[in-house]
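Below are two complexes that have chain A in common, paired first with chain B and then with chain C.
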Partner chain A sequence: MLAYLIRRLSQALLVMAVMATIVFFGLYAVGNPVDLLINPEADLAEQEATIRRLGLDKPVHVQFGYFLGGLVQGDLGTSFVHNRPALELILSRLPATLELAFLGILIAIVLGIPLGMIAGLRPDAPSSKLIMAGSVIGFSTPNFWQGLMLIMLFAVFLGWLPAGGRGDTVDVLGIPVSFLTWDGLSHLILPAVNVAIFKMSLVIRLTRAGTSEVALQDYVKYARARGLSPTRVVGVHILKNILIPVVTVLGLETGNVIAFAVVTETVFAWPGIGKLLIDSIGLLDRPVVVAYLMLTVFLFVMINLVVDIAYSILDPRVRIRGAKA
Partner chain B sequence: MKKTTLAAAALLLGTATQPAFAQSLTAAFASEPSSVDPLYHNLGPNNATRKHMFEALVGEDENLGIVPMLAESWTTSEDGLTWTFNLRQGVKFHDGGDFAARDFLYTACRIPNVPNSPSSMAGFIKSATSITAPDAQTIQVTTAAPYPLLLTDFASFGVISASANGHDGDVTYTPEGCPGIDSYLDSNAYNDGTATVGTGPYKFVSFTPGESIVMARNDDYWGAAPHWEQITIRPVTNDGARVAALLAGDVDVIEKPPVQDLERLRNDPEVNVVQGASSRVIYLHFDHQGDPSPGIEGTDGKNPMMDVRVRKAISLAINRPLIVDRIMGGLAVPARQLVPDFMRGTDPEIALEEPDLDEAKRLLAEAGYPDGFKLVLGTPNDRYINDSKIAQAVAQMLTRAGIETEVDAMTASVFFSRRNNYEFSLYLAGWGASGAGMASPLRALVASQNKDKGLGGTNRGRYSNPELDAVIEEALATVEPEAHDALLRKASRIVVDDVAILPLHFEVTPWALRAGLTMDPRADQHTVLTSVRPAE
Partner chain C sequence: MSTPVLSVRGLTTTFDTRAGTVTAVDGVSFDVGPGEVLGVVGESGSGKTITGFSVLGLIDPPGKIAAGEVLLNGRDLRTLPEAEMHRLRGDRIAMIFQDPMMTLNPVLRIDTQMIETIRAHRDVSRARAREMAAEALALVGIPSPVERLRTYPHEMSGGMRQRVVIAIALMLEPDLIIADEPTTALDVTIQSQILSEMQRLLAQRNTALIWITHDLTVVAGLADRVAVMYAGRIVETGPVDDLLDRPAHPYTQGLIASIPSAVPRGTRLVPIRGMTPSLVNLPPGCAFAPRCPHASNTCRAARPDEQARGHGRALRCFHPLETTP
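Right, the complex of A and B next:
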């Protein structure tokens, strides 16, 4: 187990290093952030002075050397725009995104699995057809448009929920969270639903496919024959056996939501890391973008690890071994 | 039962979204300031936010005319080298401290020393060789040469409090550094509110990046009391989301409503649209550098942009009123000079040009291009109102005249880097003139690039005309307003006659407000919420 963990972590470090290098040189090739940051009224001498101050006058390999030097000391660089350490900037925006991602995934699980099972157990019932049709729509609607429609419906026409932004927050262990106040929660609902709809459709389809397959297996028939209650058959015998693909996909999707909730965060002006990323890319704020993507890689590797461990709990046949698999 | 719970929940949520105080105002900005430090980043959103909390020595009104602010009056010496400012009496900082001359001196000291500033304000004070305070209510500024734009420069930065920055006692300013001050606070000390102490109509309450800036009314303000007890600025970068936030009643004011939504917003009884002329000109700049030019084909390596007849032909081929009408939906004013006529230095005798396709074709043939040539027009697609659509229209108009034009549109970060690398033969960009009027685009866009004189900073077409340079330099050394403006007019005429650069139109800036509210549009396109008030 320990050897397995070490191997996974060293893989993560390698991927992070490759990612950082590609992004660093890629952003360098796009352009010079000073062209965007500086006031157009600044004369040529001032433009040069600013480029020097930010260290952008040096050849790219020298800049990369500085970056590596900082990295060794745990310093991912300072944002050109905000004058704050990049990592600190990202971490300050992380709680908002985590909150959004987890609520979105929670909605997807709590609604998606039961709906998928209903559709799988009685595939020909009208209700199942309705569920499946709904999941196709949820699956194929562009996130961006769907977000705007949610805003138009619930904020503009019905006026039930605010159109965007983050409401009142309460500090829990020094971390600002918004789901503990009414105002905060009301701001959270629409973006979370926007995140959830796609994931829920995914969960419904996976659950349905698994359920309709498992429901015909001999052990399910046997369980029924033994006279077990339908609730127990469905809730234990079927549910446990369909969860592996659902857990895999949800794990990766959680990573996706955390790292790339860009669209939802932009449409709902949600102050998370996705919005920070898109703003930073727009301004070529290289330290922030590089740090962000390194963190993302780390996150994905960790999620995969957790998924693997979850497998072994759900399915005793899967065993994590230290030896090369 | 279920229905009533749902209705109750809706009611609860509905009331929760209503503004908590009738006297508070929430605005959605299209871009967020990088800091609330007034001296950290010289860029639009920062400068607009600054105007709520920090005031400059002299102010600029809606049309960028100079008005008294922290200085009540000022005089210039005979030789134009010494400026004396008399400060307003009884002005207090938000922390209760008195505003005095030493605060201005401290501000001047900090400007070149703001740590990690991505765009310094140092240009605004570099003309001053000495800034002194003969007494607490007087500031004396000396320049090495007569410099007419000093007031505009001094209107461009907010004055900070020396005491709030940890400096008590007198301040001595020298351009090389200020004796007795070893270090300066960085922008984070402003973002957390420690040093965010100004004299403006609003006081700092909180700044949560990505989320909000909250300010409260300064009840001890020396000027007219602003209407709102509390104002909140929220960054909502997405156009659709900003409009939705206004329609949903989340915010009371939005800046930059998208042009395609304006018609609908105007017809909505819940919304009031306010608009005003801006000083931002959208222009085309030619590559004047010589042969060959990067985006041109079919001329045997020659750069046709060097020929004034070709430039005139391009100007005649473009139907500006059509662009204003069809692409801009009327939200623009056709241009021929570089600043609109309400600003100083425009020549009223220069008339707008009538588009004339036949004459354009004739000029092209005369210049030796009867069959035209191929051209690539570079443009950003997310920087100015409808920028890439304007470029498309221009390309079609030029193609009709025989210049087969292809548009190369890209995001601003790529565009400005490529432009500054001189990768375009013709490019579209914009220039928002400062209160200096014509002098602002003249010295930046068409004066020859000259690092030592600080000229031609954005002249990425590398236009160079010694005759024009001489007039611009003379204007920049003439303090007497009448003579200064006369020289600007002379320079503007040279630019127009030589088609050094091709102004297309001036943007008109729209704002959308909740019905019943109004505001004063500013020519610098800054959203300053102090002017938002109930409509009579």
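Right, the complex of A and C next:
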């Protein structure tokens, strides 16, 4: 188990290093941030000073050397634009995104799994047809359009919920969260639903496919032949066998939502890291982009690790061994 | 014979398929008394398993029980509400499934599956149920049952799993056990060991047993009476020794002639020529007629009715073999 963890973490470090290098030189090639950053009205001496302060006067390999030097000391660089450490900047925006992602995923699971099971158990019932039709729509319409429709319906026509922004937050252990205040929660609901719709459609389809397959297995019939209640047969014997694919996909999707909630965050003006990334790319704020992507890689590796561990809990036939990773 | 534990009358089970209606069980009638072992033999696809599932009321769409009575201790199970059937299944009637590898749920431990069965039918504590489960495992000859309880099905050999399933069937001391080829997956030594253990336990408890099998030699050693199934119908029944010595139905004779151990050494085995018929829209006559050496036009035109022949024997054939019962 320990060997397994070490292997996974060193893989993560390797990918992060490769990624950081590519992005660093890639962004250097794209353009010079100075052109975007410096006030053209400023005089020449002032411009020179700024360029020197940002280290942009040095050749690229020297800049990369500085970057690596900082990395060893745990410093991912300082934002050109905000003049704050890049990591600090990202971490300050991260809670908003995490909150959005987790609530979205939670909604997707809590609604998606039961709906998928209903559709899988009674495929010909009208309710199942309705569920599947809904999931096709959720699956195939663009995310931003769903977001705009949600705003139109619930914010503009009905006026029940605010159209954007984050609302009031309270600090829990020094981290600002919205779901504990009514105002914050009301701001959170629409973007979370927007995140949830696609995932939920995915969960419904996976669950339905798994359920209709598992329901035909001998062990399910045997569970019924032992006189178990339908609730136990469905809720334990079938459910436990369909969770594996659902957990895999949801794990990957969680990573996706956290890293690329850009669309939802833009539509709902949600101050998360997705919006930060887009702004930073626009301004060629290299330290922020590099730090962001390194963090993303780390996050994906961690989520995969959690998924693998979840597997071994869900399926006793899968055992984590150091020998195989 | 005392009043039968199970009395089946005119049981007919059909499946509506795209190709047409499959009559998997066709007007089957039989009785099993307390402590009696009824062997049900027949080729693959003759309807043995579906007969067992029909008795338990476990036929799923597109199948349905089209006609007949299933009387357990005089009560017609077909008229019982589903909740009442849950109470009976696993408690008064236990079924042992055909494939020991697929029967136990792969993601649940043995103790979970045994305890849930006990607690579905008996109002006992979890601890007491665990004791009962361990006792049941010990009874079927599983060494260190308490440790075994904590394993998953995949950690056991096929023989062990089959013992677990047999233990579950015996655990609640049912009135009737339906055993669907429970030993075919096992090697011969273990097979005879399990057979003799089951025989002993059932005789002790006066449990009725329906033993479904392809294997006439097993039936010869175990059963009191035999029912020979062909294409969903019982074509011949009778006390085991009498029936095997003096088969009256050409199909029964064919089955006996094709067992290696039943014919003298050096004699050629005689396979039954032809194939089992498709059950979709069977022709009007005797289903065995196309393969029968004695078939006449009568056989092809009409279905033979069941005729009692004395000594507990009954037969569906227009041209019974010349044997003196």
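Basically, the second predicted complex is superposed on the first by the 315 of 325 C-alpha atoms of A that agree within 3 Å, B and C clash if a C-alpha of one lies under 4 Å from a C-alpha of the other, contacts with A are read in each partner's own complex, and residues count from 1 in each chain.
Everything below uses one rule, namely that contacts are C-beta pairs under 8 Å (C-beta built on N, C-alpha and C of every residue); 3 or more make two chains touch, one makes a residue touch a chain.
If you're wondering where the values come from, they're calculated on a predicted model, not measured in any experiment.
Student: After lining both complexes up on chain A, report clash or fit for chain B versus chain C.
Tutor: Here chain B and chain C can both sit on chain A without a clash.
Student: For the superposed three-chain arrangement, provide the angle chain B-chain A-chain C between C-alpha centres, rounded in steps of 10 degrees.
Tutor: So the angle at the centre of chain A is 160 degrees.
Student: One more residue to check, A:N241. First (chain B), second (chain C), both or neither?
Tutor: second
Student: First (chain B), second (chain C), both or neither: which does A:Y219 touch?
Tutor: Second partner only.
Student: Would you check which partner chain A:W160 touches, where first means chain B only, second means chain C only, and both and neither mean what they say?
Tutor: first
Student: If we overlay the two complexes on their shared chain A, which of chain B and chain C does A:D183 touch? Say first, second, both or neither.
Tutor: first
Student: Once chain A of both complexes is superposed, is A:I258 in touch with chain B (first), chain C (second), both, or neither?
Tutor: A:I258 sits against neither chain B nor chain C.
Student: Between chain B and chain C, whom does A:V193 touch in the aligned arrangement: first, second, both, or neither?
Tutor: In the superposition, A:V193 contacts neither chain B nor chain C.
Student: Could you say whether A:S229 touches chain B, chain C, both of them, or neither, answering first, second, both or neither?
Tutor: second
Student: Compute the least Cα distance separating chain B from chain C in the superposition and give it as a whole number of Å.
Tutor: Closest C-alpha pair between chain B and chain C: 32 Å.
Student: Which chain A residues lie in the overlap of the chain B contact set and the chain C contact set?
Tutor: Comparing the two interfaces on chain A, one with chain B and one with chain C, no residues are shared.
Student: What residues of chain A sit close enough to touch chain B in their complex?
Tutor: Against chain B, chain A makes touches at 30-50, 53-54, 78, 80-84, 89, 92-93, 96, 148, 151-152, 155-156, 158-166, 182-183, 186, 266-269, 271-272, 275-276, 279, 281-284.
Student: Write out the stretch or stretches of chain A touching chain C in their complex.
Tutor: Residues in contact with chain C: 217-229, 232, 236-237, 240-241, 314-317.
Student: Flag every residue of chain C that touches chain A in the complex, lowest number first.
Tutor: 53, 56, 58, 86-91, 94-95, 97-99, 102-109, 116-117, 120-121, 152, 154, 168
Student: Using the touch rule from the top, collect the residues of chain B that touch chain A in their complex.
Tutor: 10, 12-14, 16-17, 28, 32, 34-35, 40-43, 115-120, 122-123, 186-188, 208-212, 234-238, 240-241, 244-245, 247-250, 411-414, 416-420, 431-432, 434, 440, 444, 449-452, 454-458
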